[in-house]
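Structures for review follow.
What follows is subunit A paired twice: with subunit B in the first complex and subunit C in the second.
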Partner chain A sequence: MLEESLELLVEKNTAVLKFDGEVIFDNSNQLKEEAKERLKGKTEVDKLIIDLSKVPYLDSSGVGVLLSLFKFMRTREGSLAIAEPNAKIRRVFDVTKMTEIIPVYMSLEEAVNQN
Partner chain B sequence: MNQSLLLLILFLLAALILYLAAKLYFLKKEFKWLELEQENNSQLLNKKELKIKELERNIKVKLEKARNIHQRMLPDRLAEPADYFISDYYQPAEYIGGDYYNIFKIDHGAMDPFFDQYLLYFFDVSGHGIDSTLLSIFVNDSIENYFKLRHSPGEKISTRELMNYIDQRYQKEDFPDDYLVCLFIAVLDRKKNTLSYSSGGFQYPIYKLANQESLEEINIGGLPISTALGALKDSRQEKTVDFKKNTTLFLSTDGLLEQSSGSEIYFQQLQQILKKYKFLPAPFLKDLIRSDFYNFTGDNQGSDDITFLVIDRPQGELINLHLSRENAEGKKLEIMEFINQNSWSNHSQLGTLKDIILSQLENLNSELKIKALNNQQLLIFSLENSEVGWESLINNFPELTSITEKDLNLAHNQLEDILFSREEIYFSSSKDRIYFMLLKKENLN
Partner chain C sequence: MQKPELEKEFIIGCQAAEITPLLKKVLQEIDSSSLKAEEIKFNLELAAREMLANAIEHGCALAAENSSRVEMKIRIELKITEKELSFKVSDPGPGFAWQKYNLETMPRFEEKGRGLKMIYQVADQIKFNSCGNQITVIFKVN
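Showing the complex of A and B:
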């Protein structure tokens, strides 16, 4: 069930982590641990893009997952970007000024090219 | 030939019967074994089920305990400046959430006459478990420590510095990097009539309602406190808003505002309510929003804490009296004089309101605080007593109307305005306070 809601695609040094479904208190810890576990084996990855195109909603625990992955990549001296958040999630990023520390792109393609 | 064939058939039949009998024997044995295995499995299953139920019960009990700790941490009462009305509402999530709020008078010691200030804060920590209760304790403890160790009476308070202090302390504790704290801290300055604040993490604004102006949204976003971000010393600036007379502030954590019902979000509906009923004083506006919110959600309890505060600085003549058995007679005259100023209005309910107040002044056994407001639109009395409940008073005056009863109107026709009549006495009660309101005009909205 959890594996279905998380997909990791790696190409060279760039990884795209795709969440499918809400990222909320109920599943946030498992998703965070699973994502980190998969990334641990991919030491060549220094650019992580989180694809939120299939995420309708993030609560504060969901924001916590993104911040935790932001720190994970920073520790690796890598970078994190967000791709395709819906308007509601985009608003969360704008209002909480998270866009100042994590770049947000409207499409995955743009994120891959820019990142 | 026929006999031999018959014998062969008989032999074959006997062999078949023997084979079938043997098969039946083994099948019966296998069935018994399976039955036994099923019984064992079923016993094992029952044991496992019992264990799961016990674990669930255990978790529930622990969460219930944490929820009680969280509830006990919430202030019994909020400090209310003399010329303000403040009302709060808190409904925890199914188990426990991480919302907390408080208002207290800042101690300036001998300099108190020069600094009449109140600290107001609310926060929401991520998650809804025991961890969030521990985080709430940590944030409260940090604020308390700041005033014990960092702030000297008479010293200016910077909400930005206070925020930084909490952030730095949080980083030192090295909380997990997926936890975060959304925090709003403000200083209400009664000398300057301003509210200076710093904030971080909230998705939704707070609202300012001033008499002649439209609803003003005040963004309280910004980066939350998180070990993933590290200490952010210069990120959360201090901002100031005026708090003139006839102003109401509506403050809330995200739980109320992001509650959805179908495709609707309460955030939009709340704005309409605030615009329409901004004439209502804080306790009554709180009751109305509470009713409206539960009409909106229906049976859906929601997964987050619901926390909001209404802070209202009304216009008009205000009196604040502290009554005890010794001074009750003298103060009674003062109160009657205050009520009688309104006798010119020939208000049909003025007599009943007088009876209610007098009933509380007679046989006064404990201290009673009275705050009353008189302006062109309404007359309000607030009675505060921590020792007596208000149930018998409400029962003695069945003509009193609660705004929470108005939810029936809303439920039947959400589009229709709630009409407030000058023929009624409205009341709103909390643990130690009760408010009465008389409208001097019909349909103020």
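Showing the complex of A and C:
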């Protein structure tokens, strides 16, 4: 298993979920489940921002994690946005047409203000 | 058949942690060749990561289920000629029925099923061997 971690910061109804490390087939299920577990205890959160500034790469299974969290937020009538993907990850988003579903912002500040 | 300018073979075990160091070596080899195409390297890395993920997640996993005597290794071949770059991944698994697989339609909300379609999107050509445990992507130069 690759080394990875996630951190959840909550302020009022907004949460920032920060992944640190690659999000790929080897750890994607674990990260997805851990993220949902932490969010379950934060029922006040209806705006989730995923901060990818510390993620060097995210593969097709990582896209699956983002979509799973998008659906999770939709069930609580909330929203999801993505912040600070690098150029490689933006290419993955272009190819998978992810940006047609989830808004992507170049900075966390922009995501917090616009989401 | 054109004489390759560069022909290299790499072998890795069935471990996700081996992917990034392997790709570093592959990209260094490309840099040392006369091929100067950042866009190809960008797309190759995206395709290669999906190819290697499939090899580990499906090929190696099925090989381990089917037999304990199979050598759990993934073979990678990089070839550069004046006209193209090819990258081939062979896994120890039994393969899959690629002939029945739809490579074109990208899933929208599904959480799985994007890997091969991503490879198809970024490569100029994608080829499989008959049993489906070997995949090659080709990028045209110029």
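We take it that the second predicted complex is superposed on the first by the 111 of 115 C-alpha atoms of A that agree within 3 Å, B and C clash if a C-alpha of one lies under 4 Å from a C-alpha of the other, contacts with A are read in each partner's own complex, and residues count from 1 in each chain.
The rule is short, and it goes like this: contacts are C-beta pairs under 8 Å (C-beta built on N, C-alpha and C of every residue); 3 or more make two chains touch, one makes a residue touch a chain.
Here the structure is a predicted model, which means the values were calculated and not measured.
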Exercise. Given the touch rule stated above, what does A:103 touch, subunit B (first), subunit C (second), both, or neither?
Worked result: neither
Exercise. Should A:68 be classified as contacting the first partner (subunit B), the second (subunit C), both, or neither?
Worked result: both
For this session: Based on the superposed arrangement, let me know which partner A:78 touches: subunit B (first), subunit C (second), both, or neither?
Result: neither
Exercise. If you stack the two complexes on chain A, which partner ends up touching A:22: first (subunit B), second (subunit C), both, or neither?
Worked result: second
For this session: Report for A:95: first if it touches subunit B alone, second if subunit C alone, otherwise both or neither.
Result: both
Seminar exercise, completed: Note: overlapping subunit A surface for subunit B and subunit C spans 24-25, 59-61, 63-65, 67-68, 71, 91-92, 95-97, 101
For this session: Report the residues of subunit A in contact with subunit B in the complex, numbered from low to high.
Result: 24-25, 28-29, 32, 59-61, 63-65, 67-68, 70-71, 91-92, 94-98, 100-101
For this session: Mind listing the subunit C positions that touch subunit A in their complex?
Result: 16-17, 19-20, 42-43, 45-46, 49-50, 53, 56-57, 106, 108-112, 114-115, 118, 121-122
Exercise. Mind pulling up the subunit B residues that touch subunit A in the complex?
Worked result: 124, 126-128, 176-180, 182, 200-204, 219, 221-224, 226-229, 235, 254, 303-304
Exercise. If you look only at subunit A, which of its residues touch subunit C in the complex?
Worked result: 1-2, 22, 24-27, 57, 59-61, 63-65, 67-68, 71, 87-88, 91-92, 95-97, 101
